[in-house]
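Okay, so chain A shows up in both of these, paired with chain B first and chain C after.
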Partner chain A sequence: MSDTVQTARRTKNAQALWLIAVLLMLYIPIVSVALASLTNTRYMQFPHKVWTLDAYRNALADYTTTTLHLTSLKIAVVVVVLSVVIATLGALAFARYEWKGRSFFRRAVLLPVFFPQPVLGLALLLSFTAAGITPSWQTAAFAHLVWIVPIVTLVISIRLYGYDVMQEEAAFDLGANRLQVFREVTLPALAPGIVSGALFAFLLSWSNLPLSIFTTGADTTLPEWLYSRASTNYSPLVPAIAMIATLASALVIAAAAALWVLLSRKSAPRQAS
Partner chain B sequence: MGAGPILSMQALSKRFGDVVAVDSVTLDIEDGEFFTIVGPSGSGKSTLVRILAGLEQPTAGQVMLRDGDITNVPANQRPTCMVFQSLALFTHKSVGENIEFAAKMKGVAKAERKQQALETMDVVRLPQDYYDRSVTQCSGGERQRVALARALASDPEILFFDEPLSAMDYRLRKILEVEMKDLHRRTGKTFIYITHSLEEAMVMSDRIAIMRAGRIVQAGTPNDIYRQPSSRFVAEFMGEVNTFSVEGGRIRELGATAAGVDDGYLVVRPEYLRHLGDGDEADVRFSAAVDNDYMLGSRTQFHLSVDDQVLIAELPAAAAAGLTIGERREWGFDLADTAHVPE
Partner chain C sequence: MAQSRTRLLAVLLPLSLLLLAGFVVPIVIVAFYSFIPPRSFEFSSDLTLQNYASAIGDGYWRPLLWSAIGALLTTIICLLLAWPTAKALDRFAGRWAQIATLLIALPIFISESVRLIGLSLFLMPGGGILAGSLDALFGVSIGTILNTHLAALLGLVYVHFPFVLFPLLLGFSLVPREQIEAGRDLGAGRWQLFREIELPLTAPGAAVGALFCFVLSLGANAEMTILGGQVVTVITRAIEQRFSYAQDWPLGAALTMLVIAVTAIVVFPVLKRIDMERLLKR
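Right after this comes the complex of A and B.
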């Protein structure tokens, strides 16, 4: 009797240890970046001899910080807006309507996901050059879209498969016109997919390095800058800006989540307790 | 209301490529009638009702509402409403928002909409505190009522029902059949109901049309159809019957004479077969062995065999008492209790 109790306790302890180990593995790297930003030496050593927020002061005073964030933000915003629109239409086209070439479209639209991103980046750079387009943050946004639209399409189409299309017919039968059907039935049904698709698009664009390296031209995104400054000319400014970038994306996501909760609380029916 | 039919189908046809789903259907529906279209799956009944609702365009023919041609009027502009098989409730909306949908589309103010919705909930006997509930929290029967209320609240002249009870379990279906008939009586609206169950049609309808391969094979009151089916298909569709072929005054399967009966088929319901004692008379007599018996409550069903033909007889308890399995006896029926169908 006590044996089984003991075994159960041991299993429980082992599970707890495992959980802690996993959490540490996940968060130690982030914590180390935070720690690395709190000193003034160019060499990473712990514990620090000097604890200081100088790196953050420098980062905030430096014009580069703003430029980097603005470039990445511009790209991410363009990618989020365009990918959500394209992906919603694309998902509707392949999940809903019967048309010739539908199954080909379904495969073709997903193909870019399976391309190694550096290869895709190189291919796009060559195409831009051949077309006489000077690479800049706009071409980078285009490159991100090529890779991100398929993913957002997948995320949104999952919602489309999950609901009864007859709802749209019912709405039409109850006197709604096409626009009203979309606004009242299709869009609310797709909304969770659109929100998660938009978040995915933002995060994938915000953190993308391999496509940006090839396609930004003279502009520099945050990941590009972090990568180049970490390989040469490292200083605590690098982890400081990395922390600021993390915080910025966390803020964007928190704002999106808050907006979502607010909107769904306003429109969704009250759940009985 | 006018004397003429409220809805009139004139030679309606619908093709999907080579398939003829609806084949030249001409039918009148009277104002305030509970009309049921019955048919096996693939008979075209759903397509027909979708044409009537304006959700599908006919390939040929016309739909008349009173005297107006509505063939080309889309569903959102017809004074009709459909209750779908899946119910198609708006899953992201509350019960109240579902019921108010039609009014919202018309631009009715929120307070007035809510008032109408609560009244409609009373009509379908849905408790008013369900107003704010999510439809995903409702049971099968409650969802059915929400769908009914949503359709009724749009104040249609005609309500269509596309097998809304087919997914329900037997008990719930029985309860809702009665409620549906009751609702029809209280609202006085025209109901056009689709089902594959003739039993369901019989319980609820004023008139029934039986559909097969895109055509209406018979239309009439439940009693007419029960007493005088127009074909073997109709007779056999109505449940367990015995069908015999008649040639030259003889019933082939039984080897018995049927004096004065034209060539064709005789349909005999199980309750009209009886076993004959000494001196009992019957128009048609034959001998058959009892194979099996099944207790049905107040009646017992027997399977009889004549050669390799299996017949079904249903007897009240008193008449069933004397019969034992394996026993061979004289059986018979009267021609007055049969229906004669040419094909």
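Right after this comes the complex of A and C.
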């Protein structure tokens, strides 16, 4: 008996070690970026002789940093707003309403997700050009939507599956009209799903490289700029801007987490009653 | 009845229009371009298979093969790494597992450019993070795998690992713990537990993860540029070159159609078998 207990403990320790190793591997490159940003020499010679925040000062003073962030932000905001609206409606068709073509629709929605993104980007580029549309940040936002809306639809659907339709019926029985039911019952119940969907949309758009690279035309997003500067013309400015962009998205995660907690707290008592 | 049909149409329409305009129509346009005479730009009526002949005959199958091999290896390695990880996370249910899961999820949302730059800075020879630290701490100087196939593969595995892990984790959460314990009580060994209980029950999650990983790494290009030093040309790069430098859209379109065909061959059979609803509903 004590033998099996000991084996179980040993397995558990091995598993804990494995998880720590996996986490280390995942974070080593990110820590590397942070370390590389803390110097001022063009050629990296780690450990740095001079540790400095110069690269951050330069990055903040550089107009490019602002332009890149603004382009990425414009795209992300458009993607968040449109994808939340389209995906919330889509999720209702996906998970809530019973209809004949639903199982086909469910699979069709998934197809863009299971599709190589750069190939989608190239196909869209060819189509834009064929249609005489000059690629810009707007076309990139459209490309992002094609990939991100299906994912947000899935995220909101998960919430919808756990949702009790009887609440709506009860509200109707109590004399509420359709708009009231949507505003007072459906929307609050879906709110946490919508917030996580919006967060997914923002982060996936903010960090997207494979679609942006072919669809932004003359505009440049953050990941695109980092990608092109990583292979040619590297300087500590590259990791510094990478860190600034990452911290910006971390702030968004924190804000969304706060909102999520607030909303779940608000909708919880209503669900309980 | 009529009213509920309008309501269904209203919720269905925006998403359907988006998928039509952003997914179906572009594929149709690419398909059309792939049949027009080489190096032409206008829609014309004389359709030809010449682009496919050059796509296959002129050695363009090579980039496609490289991408397919890379995607396959990435998928296998990711499955092998994700399996024990998902199992461990499932075992340590509780606060620590939640924190670990969150920490594994976060890097997905950091741009792959940032993560790949980090990996290349880590692997850089001489003054790289790894080589420089080893030299400073222990006086050991090491070489580098940067600009090799291996480095590109490492990048592919690094970027796509979470895409395999999370569906697999979802699969593991479907395995009732009692069933494993029952199996153990009945004297099943570790291998038997794996083959008879864990594997069949987690198969849908593993399949979704593997599919995700294969398809995403099939189109991957940044790993080869930043880490692999372009030692081989991958299919995305080949298509891009046809579109931009060579100004040969029809050939680029034919290559794109070949990738779409490979994707379809892999995706459709798996998607058909998997019950997404069951996986999502839990």
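FYI, the second predicted complex is superposed on the first by the 240 of 273 C-alpha atoms of A that agree within 3 Å, B and C clash if a C-alpha of one lies under 4 Å from a C-alpha of the other, contacts with A are read in each partner's own complex, and residues count from 1 in each chain.
Keep this in mind: a residue touches a chain if its C-beta (ideal position, glycine included) is under 8 Å from a C-beta of that chain, and two chains touch if they have at least 3 such contacts.
Since the structure is predicted, the reported quantities are computational estimates derived from the model, not experimental observations.
Peer 1: Could you say whether A:112 touches chain B, chain C, both of them, or neither, answering first, second, both or neither?
Peer 2: In the superposed model, A:112 contacts chain C only, not chain B.
Peer 1: Please tell me which partner, chain B or chain C, touches more residues of chain A.
Peer 2: So, of the two partners, C touches more residues of chain A.
Peer 1: Have a look at where A:189 lands relative to chain B and chain C in the superposition and call it first, second, both or neither.
Peer 2: Once the two structures are laid over each other on A, A:189 reaches chain B alone.
Peer 1: Counting only touches as set out at the top, which of chain B and chain C does A:166 meet: first, second, both, neither?
Peer 2: first
Peer 1: Identify the partner contact of A:174: answer first if only chain B is touched, second if only chain C is, both if each is, neither if none is.
Peer 2: After superposing on A, A:174 lies in contact with chain B but is clear of chain C.
Peer 1: Pick one for A:63: touches chain B only (first), chain C only (second), both, or neither.
Peer 2: Neither chain B nor chain C is touched by A:63.
Peer 1: Per the definitions at the top, what is the overlap between the chain A residues touching chain B and those touching chain C?
Peer 2: No residue sits in both footprints.
Peer 1: Across the complex, what residues on chain A touch chain C?
Peer 2: The contact residues of chain A facing chain C are 12, 15-16, 18-19, 22-23, 25-33, 35-36, 43-47, 85-87, 89-90, 92-93, 97, 99, 105-120, 122-127, 130, 142-143, 145-146, 149-150, 153-154, 157-158, 161, 203-204, 206-210, 214, 222-224, 226-227, 230-231, 238-239, 242, 245-246, 249, 253.
Peer 1: Could you pull out which chain C residues touch chain A in their complex?
Peer 2: My answer: residues 4, 7-8, 10-12, 14-15, 18-19, 22-23, 25-27, 29-30, 33, 81, 84-85, 87-89, 91-92, 100, 103-104, 106-107, 109-122, 124, 126-129, 131-133, 136, 158, 161, 211-212, 215-216, 218-222, 225-226, 236, 239-240, 243, 249, 252-253, 256, 259-260, 263, 267, 271-272, 276-277, 280-281.
Peer 1: Quick check: in the complex, which residue numbers of chain B touch chain A?
Peer 2: My answer: residues 53-55, 74-77, 80-82, 84, 86, 88-97, 101-102, 104-106, 132-135, 137, 150-151, 154.
Peer 1: Contact residues on chain A for chain B in the complex?
Peer 2: 163-164, 166-167, 169-177, 180, 184-185, 188-189, 267-272
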